[in-house]
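Note that subunit A is present in both complexes that follow, paired respectively with subunit B and with subunit C.
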Partner chain A sequence: MKVSFPYMGTTVVYKKLLELLGHDVIMPPKPSQRTINLGVKYSPEFACFPLKVIMGSYFEAIEKGAEVIITSGGHGPCRAGFYEQVHQRILKEEGLPAKFMVFNSMFRDFNNFYDNIITLKGKNSWLKVSRSLLLVYNMTKKLDKLEKQVQTIRAYEVKKGETTRAWEKIQDLFDRAYTKKELEGAYAEGKKLLDDIKLIEVPEEKKLRIGIVGEIYVVMESSINMKMEELLGNLGAEVERSQYLSQWITYNAIPSFINKTHETEILEKGGRYLPIQIGGHAKQTIGHIVDYSERGFDGVVHLMPFGCLPELVSQSIVPKITEELGIPVLTLAIDEQMGTANNTTRIEAFIDLIKGKRAKKIS
Partner chain B sequence: MKIGIPHSLLYFYYYPLWKTYFETLGFEIITTPPTSKEIVDKGVKNSVPELCVPIKVYIGHVLKLVESEVDFIFVPRFVSIQKGQYFCPKFMGLPEMIRHSFKGIEEKMLMPSIEANDENIATMMNFKIFEEKFGISTKENKLALEKAKRVWISFRAYCREGYSASEASDLAMGKAVEKQLTIESSNNLTIGLVGYVYNIYDPYISLDIFKRLREMGVNVKTFEMLSEAEMNKQLKKLSKNLFWTFSDKLLAAGYSFYENQEIDGLIHVTAFGCGPDSMLGKLLEIDSATYNKPFMTVRVDEHSGENHLQTRIEAFVDMLKRKKMRQKRGA
Partner chain C sequence: MKEYYLGIDVGSVSTNLVVIDEACEVHYSAYIRTNGQPLDSVKKGIREMKNSLPSDIKIKGVGSTGSGRQLIGVMVGADVIKNEITAHATATAHVVPDVRTIFEIGGQDSKIIIIENQMVVDFAMNTVCAAGTGSFLDHQSERLGIPIEEFGAMALTANRDVRIAGRCTVFAESDMIAKQQFGFSKAEIIKGLCEALVRNYINNLGRGKRLEPPFVFQGGVAANIGIKTAFEKEINHEVIIPKHHNIMGAIGSAILAKEYIEESGAKTNFRGFEAADLDFEPSTFECGGCSNNCEIIKVEMDKRVVAMWGDRCGKWTNL
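Right after this comes the complex of A and B.
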């Protein structure tokens, strides 16, 4: 079975899991101008941006021969839960009837969930499945650890672009690891690559820390958020994201009543401003802004797809948080306009303001 | 004591219920006038630019109420009126958007969370908070709710008879007497109007498309005129329904209009930037070809020029007429 999936973040992880289970994986190309053009052409005009990019990804994956598309479902209230329905209809309309394998909540329709698992499992033993799952989970954790280091040291590298190149190499190393031992090796090698990068000494009080929060897709996928992390890093700021794949997996895999992950803590912090979960990542966004402010970050960049329903609510609340906690927040709506000059200017100005604010405080 | 209710969003669906409830308890109800340029401007100036028009208009109405002498402003948080379904996230976070945006408004706001198993929201759970707030007994509360429920049920009954929601609301509250509905339209055309109550019945947002169509002698059908059974029949056919209750109803209505032989065409009225509509509009658009029935999308925003709308609906109606004539001649 030739399978494919939506492109988001460190895709090597999903690829690995499917490969370990013996499936033929068709990697969707990294979203490019062509992907976006395709997506925009066929998607509803006012659909949110992730839907359009993923639509484009599907077209490209099917071109490359994908027969089955694995994706997540959902039950609202955010639009993302309905993506698969719209995607399927549009693909059918365009005469590309790819089969969809949708993972909805197992608590709603267990049979369907179970069927999907069995299909994916194929002839593998349960032992092999759990081993593969464990390996992939460890891989995600290790990758996230290295990525966090990348996000910190990029701000201080002597040779511009060195860290980004190392990060690409690391992903490639992990791509080739299929056993626990190989994984350890890849991690050690990656770690060494990063440790070898020459850094400028910056005194602690001069360091800038920026958090990135917002809707998961535009936060995680660098090819559509104008490489926000790189941009901030190159301007001399350490970066931390609100979403990492390993956190997302732990949070979603553990039943809520024993869930004591970082994310529950974040949700509590958001509760002051937004008492209920309104879908998407609105409450997390609010919680993370509060969290970053408590941890002494210098500013937050809030990313959202154009017209994102839950993030519009958080955007409306942001001025109040800034007023109360004094943390600068810049909201950027991401859409199919790929010109970078506009947002680069805004980010540069934002960093300048933060630096200015700090200079004022000292004098 | 005066309670202000903004004349926007679900006002068009639940006003009879709210009014009866609060008036039975002895409160005075103040509503804002129908949306005007002034109100829209207020809303637009004081909200995030990307929000959809109905929410901006709502914020405008709330600000208008702040200016008038009311003691409380009623801003309910609609969470769910059907099991497993929700409202658009903007409805669920509506009280937050307002209370965090304007200073000093929070003390004035009444924000019950509305969670019910069906459309009838006059349940104890939703209105319990008022007992403590206003010092009313559970018994009084219960009586008021029952009365509110009766009025609202009669409102829904009038809707199903074919009255528009604003007519039905007047009838249910005894403000108007039943009149002969001119169902026999002059040119024998029926159009299914797919759109949310707060767009269609807001004369400013939809530029009164309902009335315009009727004035052209066209019969108009909307989702609230359909029976529950008909809706459910349509929804069962879907592999997965939309999880926003009203969008779900619109989708069901859309398919029901497609199947109904008496309906000649569909007009989808949607607000600029409406999230749920972007999905449901696309599905209906794709299916227009399957059912071989004309479908048109009218997208409205805060601009108020009406000529484009008049031209478009006239053209649409003319096209339907010709289509019908051709069919009659057997061509």
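Right after this comes the complex of A and C.
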């Protein structure tokens, strides 16, 4: 069966798993202005921005021949909880019925999880399935490791754009790895690519570290967040995201009693300001801001999709956190007007603010 | 021979040029309407400046700011290209060293900047909603048939208070008409409008921020005494208006250029007053490289490409 999935972050990973299980994978194109336009056109006007972009992505995937769409279910009570119903219905109305397969955390609905696994498993042996899962999990971990290096060294590269180009090559290398051995090879080669990049020496006390937090889709998908990581990197700041794929898998697929994950800790930190789960990633957002502050980061960029209620709530809590912990936070609304000059101005001013804080003057 | 620094602020409405000396005193300033032609307005500004300054003047550094900062920076050879927030804050902290809150209202946008110990600690920008900017007033002054220059003074002559719903320009307009029919005078309506603008501004930009004195009010709208009074009423505190309130961005960028040159000891990149006569050609084209179809801005000088931007993938910028 021809399967596809929403485009988000390092997509080679989902692609790989499905390929290993013998499925015909239709890669959705990276979200572009066209994707957004399609999404905006067919989605309800008041829907949140990620819902619209993903909608556009599905249209493009189906154009390319996708029959089944695999996605993860979201956390209620925000709109993510009924994403796939909305998407499915719109596609149907447009005469493009695609089958949806929704993965929720297996702790929440094991039966559904199991059914999906059986469908995906097809005629593969369980041994093959578990091997594939393991390979993909390792791949995610390795990719995340390299990505973290990318996010650090980009700030100091001598030749602008070199790190980003290396990172694209790395994803390509991983895309071509299908066995454990090939994976090791891809990792080694990727690591070397990054290690070979010439860097400017910057004394430790001059380094800037910025955390990026917010709703998962706009945080993970660079094509719709003005390439925030690159933008900050080019302005000389190291970045770290609140979400990485491997963390997400660990949190959603490994029972918490044997595995106290980073995310559990983050949620505890968030609980100080936001005691209940209000959906989306609001609590994580808050928790991560607290976490970055405790870890000595210089500032946080908070990405809020247009029309996102949970993040609107977290935005309203931000001033209190800044006041108590002293960490500067810049909230940016992300909508269909990508890469506006105004947001660039805000980012530049924010970096100046942070540098000024260090130098004790406006700079 | 004295040494000077040039600051240029290119906004969508106006272009300002400022020349300051080593003590950051303003020696020359000019205001030109941008009219959607940032290059031409700067060229015009530079020509005028050349004619009114002594010929042996030495420009040691140049800064640019405003929405056209990139383009103009390339054209004149700016040493420092800075965003508006930093430029404004720099200038204000220079004139009012202990400033804590800056209200800035221009023709098309507005910002708030919070300062502590001469450092920017928070800021917000309004770029979408006209109800908190000067264009709100321009619009109403047209409707009332009263020139905007007389607006402020007239507001002060009002006897009664009238509250005009100012959440948005459209509402304000219909509410204004209704209040006129109730028999409120033009002066009272104008006062109400000034207060509506200030309320909007504070609701929009001041949300979640602690506003502490000293307050400085700058930008084109600061010339309007009616708005100043409305601010003082709203926050219940005196508001300072700097002498050069409408060219603070340009002053700030000149100061930043000065600091940069002094700290680095670098020689300026300034192309000289001849920059006004350079054959400088910006153009745009659509890159068909992928479905983003980015609009790329290309700047050529004497048929040589000197800068490109606007791409989403770095294909052109990193050329």
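Note that the second predicted complex is superposed on the first by the 343 of 363 C-alpha atoms of A that agree within 3 Å, B and C clash if a C-alpha of one lies under 4 Å from a C-alpha of the other, contacts with A are read in each partner's own complex, and residues count from 1 in each chain.
We take it that contacts are C-beta pairs under 8 Å (C-beta built on N, C-alpha and C of every residue); 3 or more make two chains touch, one makes a residue touch a chain.
Worth saying up front: this structure is predicted, and the values here are computed from it rather than measured.
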Scan A:Phe46 for contacts with subunit B and subunit C and give back first, second, both or neither. first
Is A:Glu93 touching anything from subunit B or subunit C once the two structures are fitted on A? First, second, both or neither. first
Quick one: is A:Ile278 in contact with subunit B, with subunit C, with both, or with neither? Answer first, second, both or neither. first
Would you sort A:Arg346 into first (subunit B), second (subunit C), both or neither based on which partner it touches? second
May I ask you to decide whether A:Gln85 touches subunit B, subunit C, both, or neither, giving the answer as first, second, both or neither? first
On the A-aligned overlay, A:Val313 touches which partner chain: subunit B = first, subunit C = second, or both, or neither? first
Which partner, subunit B or subunit C, touches more subunit A residues: B
On subunit A, positions contacted by subunit B and by subunit C: 316, 319
Could you please specify the touching residues of subunit A with respect to subunit C in the complex? 29, 32-35, 160-161, 164, 223, 227, 230, 316, 318-319, 322-323, 328, 338-339, 341-342, 344-346, 348-349, 352-353, 356-357, 360-363
Residues on subunit C engaged by subunit A in the complex (per definition of touch): 67, 82-86, 89-90, 93, 115, 117-123, 125, 127, 208-210, 290-293, 312, 314, 317-318
Which residues of subunit A touch subunit B in the complex? 43-48, 73, 75-79, 81-82, 85-86, 89-90, 93, 104, 108, 273-276, 278-280, 282, 306-310, 312-317, 319-320, 333
Subunit B to subunit A touching residues, read off their complex: 47-48, 50-51, 77, 79, 84-90, 92-93, 96-97, 100-101, 113, 239-240, 242-244, 272-279, 281-283, 286
